[in-house]
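Structures for review follow.
Heads up, the next two complexes both have subunit A, just with different partners, subunit B and then subunit C.
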Partner chain A sequence: MTEEEIIEKTNRVFEESFEIEPGRLKADAHIFTDLGLDSLDIVDLVVALQSSFGVKIRTDEKVREIRTLGDVYSFIARVKNGEQD
Partner chain B sequence: MFVSLLNFFFNFYFYLLFILAVLVLIPLFTLYVALTRTFSNHRSTMRRFRRAMVWWGKTVAFIPYPFIRFRYELNGENDTKKSYIFICNHRSAVDAFLMKVLPHEFVEIVNDWPFKIPVLGIFARFAAFLDIRSMSHEAFMAKATELLGQGVSIVFFPEGTRSVDGRMGSFHSAAFRLAVETGTPLVPLCITGNEIVMPKGSLFIKPGIIKIRQLPPLAADDFTGLTPFTLKSRVWKIMEQELSAMESTL
Partner chain C sequence: MSLRRVVITGSGVVSPFGEGVKALMDGIHNNSSAVKYMDGWDQYVGLQSLVAAPVDTIDEKRIPRQKRRSMGRMSIFAALAADEAIADSGISLQAEDLWRMGCVIGSTMGSAKSINDTFETMLPDKDLSRLNSTMFFQCMSHTAAVNTAQYLGLVGTVMAPAAACASALHSIGTAYDLIRLGRQDVVLCGGAEELHPTVTGSFDILFATSTGHNDSPQTTPRPFDRDRDGLVCGEGCGILVLEEYERAVKRGATIYAEVTGFCTTANGIHVSQSNRDSMTVCMKRALAEAGISPERIDYISAHATATVQGDAEEAEAVRELFADNVPISSLKGHIGHTLGASGAIELIASLMMMKNSIIYPTRNLENIADDCSGICHVTEPRSAEISAILKNGFAFGGINAALVCQKV
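This part shows the complex of A and B:
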């Protein structure tokens, strides 16, 4: 999966599951302060990402380190690569 | 200078009567609930106790009348036999007292500081007001669900803190998660004028008019299939538009 595909698919999760306008979905957007998610919403985000990418995400330290949308892209890329290894 | 002097006397008058009310009414309310407890069950006692707290709110709100007045506008239903989740914007420390307009039995979701207020903090704890910061999410949801099941409504200030500049802050999602999981109707309560009467960071009150507009409930059918985040975004937009409309007519 290419970086562009991961970005496009992740953004679609934010648009469809969270009704966030595409214009706000920038890599440096902070998911808490800019996009308005809180710690409870992260659980829904993980569920939506799992469903969209067909991967299993453990809500471990790596998830808790996510701050920006760019962090989400990188995290998904690592999970996808990890699965392929 | 003259206005400052008037404000000083107004505050002196208010706080003097407030302290007198605490000294006289709080023991009376306590005695009333304690006496009626002897011939009623726990559930009836709690209902009566929460009603007494509403009467306390009404008393506090009456003290500064007519210098501070309240306009409560009800749009839509107000069925006291149902439990609701009330969503309020938060601009002032007086907001907790403003809930006296609600005819429902309710508890408020608060941070830890209201529990630290002498006397009133004990009452808030006894009335089962919930300190959301000291509870795990699971414990909070279990207790809130139990209260809703008993017919007790729950009042949230989902911004979590008072607004500094009057603009509504982003919402935390606990209230909306509770609504989605329990199918409880959500009722937005829009409040303006409170930031003038007692601005954040001040204990001085000023004369003014506080408007409280209760919007029609969003029934469970209205948010079927929505995530808590999506629901909170929609409610935020509804309230933001309503607050703008209210402020343009002040």
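This part shows the complex of A and C:
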């Protein structure tokens, strides 16, 4: 999966699940302070990412380290493509 | 201990006629029917009744996403109706002691669609990982009350009486008690309900739904009519603002009416069938609490859902207490049976009738059934000064409820 595909699919999750305008979806946007997500939203983010990318990430400890949208892209790339940090 | 007086100072509705009290009353005034054929319901094997009274369009995006995400359909109805009720009351939430302001909204159960979606998501593969974070908050029994209180920031008593189709009257009765006992000063109260094939199905399997009008939806339900063949489910929410009388007067609020009597009884005989004797006791006790005789009631808002057995029982109970002296009508022919919301939506419509000195008829009542005769059916709109209303509500489980409201 290419980086562009990951970004496009991830951004679609944020638009559809959290009603965030595309213009606000920057890699350095903090998902809590900039995009307004909270702890319940993180549960839904995981469910939506699992569905969109066909992955199992619910118990992945690295989820807890996600802070920015860029972190989400990297996290998915690692899980999907087996990339290492 | 002296009990405080309780008055109604605001109302809000989402009904099958749309959003707002005005849409509801316009629909009733025009003698319209909100009942329609439900596309897609024929895929449910064994479902015989394919008609319902849905709420078509609502502006749910008005509710911020993080407040809305835990709301199923019925909670969205409740939040929108609560917005209207608060605005109508003239209360400014910013100026209120919100610890003295409660929220009591009942429903038959949690959001039917959300409950169905939860199990449809989870059960095929017995996989919980596909469930999102807020499904439970949509499914829980107090979902409408909790979500409305969260939406408005109310921090007083939040409760959700669940008594199937009597839920709204139980909520209003509870709110009345909370205020007259001095525990709260203002309470938003009412009922909410949403349509789903499984909801209609719960009545359908008991042969309680209307099944003979799938090709002519607007001719059913037919309360008290000779050819009635069962109920038609509707959806929506009615919210009333109940307020302590002195406080309401002091702030110059518009007072629709005073709640003067409430009673709820059970029949102890049958879980699904209505029972005239327990209904009569319930109405009598509500009147006794209000301190008025049956002749003082000017309008009875019937529960009458158009089931063969239920309508006959209610008619008999009303006949015993009121003979044919008090005008009675049912609004189910206009908006279907909005179940846990019906008591509140129909009470609000009755309060508007009181305000406008008019009584609207039972839609689809063309030939009064023999077993529903001997009471004062309203079959055409009529002008009438209304000083006192009796609102009936009956429910599965053998539950009866009756509420008396009087002009102040």
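The rule we apply is simple: the second predicted complex is superposed on the first by the 80 of 85 C-alpha atoms of A that agree within 3 Å, B and C clash if a C-alpha of one lies under 4 Å from a C-alpha of the other, contacts with A are read in each partner's own complex, and residues count from 1 in each chain.
Going forward, contacts are C-beta pairs under 8 Å (C-beta built on N, C-alpha and C of every residue); 3 or more make two chains touch, one makes a residue touch a chain.
Since we're looking at a predicted model, the values are computed, not measured.
Greater residue coverage of subunit A by touch, when subunit B is weighed against subunit C, goes to C.
Contacts of A:Gln50 after superposition on the shared chain: subunit C is touched, whereas subunit B is not.
In the superposed model, A:Asp41 makes contact with both subunit B and subunit C. Once chain A of one complex is fitted onto chain A of the other, the partner contacts of A:Phe18 extend to both subunit B and subunit C. In the superposition on chain A, A:Arg58 makes contact with subunit C only, not with subunit B. Across the superposed pair, subunit B and subunit C both touch subunit A at residues 18-19, 36, 38, 40-41, 44.
On the subunit A side of its complex with subunit C, the touching residues are 18-19, 36, 38, 40-41, 43-44, 47-48, 50-51, 56, 58. Across the complex, subunit A meets subunit B through its residues 17-19, 36-38, 40-41, 44. Interface of subunit B with subunit A (complex): residues 137, 170-174, 177, 227-230, 233-234.
Those residues of subunit C lying in contact with subunit A across their complex are 65-66, 69, 129-134.
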